[in-house]
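The structure follows.
A, B, C and D label the chains in the order they appear, each numbered from 1.
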């Protein structure tokens, strides 16, 4: 008798939790992130047919951080279409070290929408001529709608800490502003950006919110088209080549699925044609991705035969 | 009535040929490549069931160039297994400009097996303690076996020209030798490398040779296991993230399939679970990939619904 | 009969003015600089014995810009002594392109006090715990005292324009703030910095203000010690190796004297043991130094036999 | 009664020897250099009037290494004049890390004649169309003539070791050859270069050989013009801005004199108008310059009041 999805999720989750729970190093550049219990570990899967399976702390909200970039990219692509690519590239960035060099060499056009510089440009595109409050409400509401959950909201303490310590992001934003690649004032763009990164979400909500990417741009559970099939595939392509900072090649190599990680310890992964997976474990590896999260995704993808390759 | 594969290949091939044949700029750094007729255009598809479809000059040999790196990577992975990754990374390299910076910053370990530095290390791994002649015969015979064709051979004029003008490769090889990341003498490694790049192959042969990568490492037409399923998936992952120099993200974005291009104008593309495609058109775009080849793959993948995303 | 200094200054000034007046490209990133008449050309020499010689518009104020960095460095060295070198280096920076890379590689410590990043750190050191107004008054009064002229003041239009367009400096300052290498708030440091660069000064005043550097740190005309002999020599050494952006080697090579240029078109040059020279011609060469100014200094140094080499 | 030069040299030499002899780390990348006794310490001064003063092992030959670059630059300047500067720049290179990046960005033209890439171009210019043997004999004879000593010769063991381990130099040379900035075959240029660096010379001979640079290009002891006054000043200028790798600014700052160091532990320093100094102590500091040598020069320059600033 074949195992059910729920059985496999439970088994993989338990194995990894028993052996590795708490591994890695929790992000500590702001107090609210540093306080998170490193032993938290959640996993949620949802398929295009609506089947779900969860393990551990899949019900507990964590800081979405860079995973929010997937949703602002979705919004900016719908707003600007192909014009977006004049302002941000879609190539992997190579090592972290090179990012600001490339930004200079390429005249303020970031390599892709998932490095910080690129995500700041995307947020500027989402901002349009609105106030940061309006733009943030739009981002939050978009994620609420995709996640089918109205409780998702910003952690204001995290947002304030991000702003107070975000000198590197201020540096990048001013650098790009000097190349005329930001339209709104730096402060407006960054306030929106810091708040979008401070949204709190659960694994269950996150997997649900990403499900449209596994189904050619249509939310399979309510038949709503979110983006065109082409845009959905392209967002997935960028997640595959650029979703994990300087370890994007490694994730493609080990897991073989499009994904996006955040320093809060979450990872959203898309299984094209099948479903979406969200995992959360706060300890990060050397390159800033959830250590236990990467491991559980590798195991789960292998058990389920989910590699796109 | 649905169209057959042959009909779609013929239609897409004809459309692109009519509108774009001869576009791009033929590589001219050595005479033998510069002499190639820019209007040549071949396309060949082969499926895991053995169905084939071809268009144009699919029967005509061209210079394999960097596409040979897929096959030497296959050989080196079988020889060294995971130990290979101590000597070469698997991350995209960012812009071409950064390659030698990263090689210095990362102490002679190239970012991936498909940039020149990485491919030279891979060739050194294939060389083992053999003579360049023996290693080259092994590479050639491996490709012959995979392509099921014994006529594939080196173009000695091309190989001699590569060696005579390959100062950049001599520079890279000596640089890595200085970090002890080449085991054989520089001259032996580069002679093997220049000759492997000078193999002549047709689209038909190339698609056939890459078919095992679409079938989890087993040649589907003779049931021979070439590499483990895991290795096949990983080679595909590296083709996806690193297969097209500084335009790998672009290819993933536009085509959505693992592929590897060469400056001879060829591109090998894998459709996991379905088959392999080889295209050849000598004119290159700005970043050194076949301009018409990329376009025809984009159209064909779209028509066939072949994106992995 | 040997020519007097005045005769040589007049002859060299006239020769260069006749042949080259108006050459180069006036800085145009802010309106107040762009409006300057490109044909203006002033030259002033003052010796340690108090002999003076002038040519052309030596009486007309221009924007001091980066030449102000010599005076803030003098102030910071007196305040912090050798401790300053923990926060800023004293090596040439190589090409302009590398500055931000090095800032990253060297953890927010700029290469020298004359690149913008380094000058911002120096201004932060001068600022200490004071308000920008107090610090600016101190800088202005120091230069007034050295120039023996109480009319030197800030051009508020220039300062406002610098602030409104200074995104690159905001980027650098935030970058260093992220490495904890600025103590005061970014806005305070930059307001001080933009104002110090907007001081207006004449050639006559500038040569007078730099005279102490030609006399081992003592103002020879009033016997006041400004800095120790050692500090004077070190400021000169940094002017020699780092005073002209990416053309510091060129200036050492052609002129053979310590100097510091500004994008307002001024250059201050020190002739150790002999005197100081200030020249002003608004047109800049490719690397941002006064084109005519460099030429006249080369001729004058050659005629006077003033090279330190 | 004022101290004589001999008394000051003896006093400074003894003070430094007593406190610091043997400090630093001897170069160990080749056996012949690694074997040198770290406690060796020589110092020789010669003035334009022919006064000499020595301390310690000033009579003992050591490996000239990069100091030879001063003499090949002299030869190349005489051969090519200003045309040399098309093939090599005269700007400091910034950090060591940037050298190969700049070489790429600046299309194979090295930043200055004293970084390895630049010195290899200079040797190629000296080589002209001659055999390496003839060119080397010319270099050796030039140095013999300048040093007024016919025993100066190549250490063949050192030269062979340099060639056997010089992968980085082979890399640089091939890189520049790819940009057509070497005229002779790579092997010929490098054999000449490795042999010139392997010349053995004493402090006494080295100071004598550099004396023409202190006297506007004329050897003051035999009234022979070696180079034009302009060339002499320019060589000094390049020694000042580029003579000590990534610590050129530091040397200008601490010592205030043009100088050139080598990994053999020697430093040649020019005191314009006064004389030349050579020091040798094999232990190197972090940036590859003689640690004790730098210290003794700083002390001696300070005691003698020899800074050009």
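Just so we're on the same page, a contact is a pair of C-beta atoms (placed from the backbone, for glycine too) under 8 Å apart; a residue touches a chain by one contact, two chains touch by 3 or more.
All values derive from a computational prediction rather than experimental measurement.
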| request: Could you tell me which chains make contact with chain B and chain C both? | output: A, D
| said: Along the graph of touching chains, what's the shortest path length in steps from chain A to chain D? | reply: 2
| Copies chain B, chain D: same or different interface, half of numbers shared as the threshold? | same
| field | Chain centre separation (chain A, chain B; CA means) in Å | value | 32
| Taking each chain's centre as the mean position of its Cα atoms, how many Å separate chain A from chain C? | 48
| query | Which residue numbers or ranges of chain D touch two or more of the other chains? | reply | 97, 101, 105
| request: By the touch definition up top, name every chain pair that qualifies. | output: A-B, A-C, B-D, C-D
| message | Please output the residues of chain D touching chain C within their complex, sorted ascending. | response | 89-95, 97-98, 101-102, 105-106, 111-112, 232-234, 236-238, 240-242, 246-250, 252-253, 256, 258, 272, 307-309
| If you look only at chain B, which of its residues touch chain D in the complex? | 97, 100-101, 104-105, 167-168, 170-175, 177-178, 186
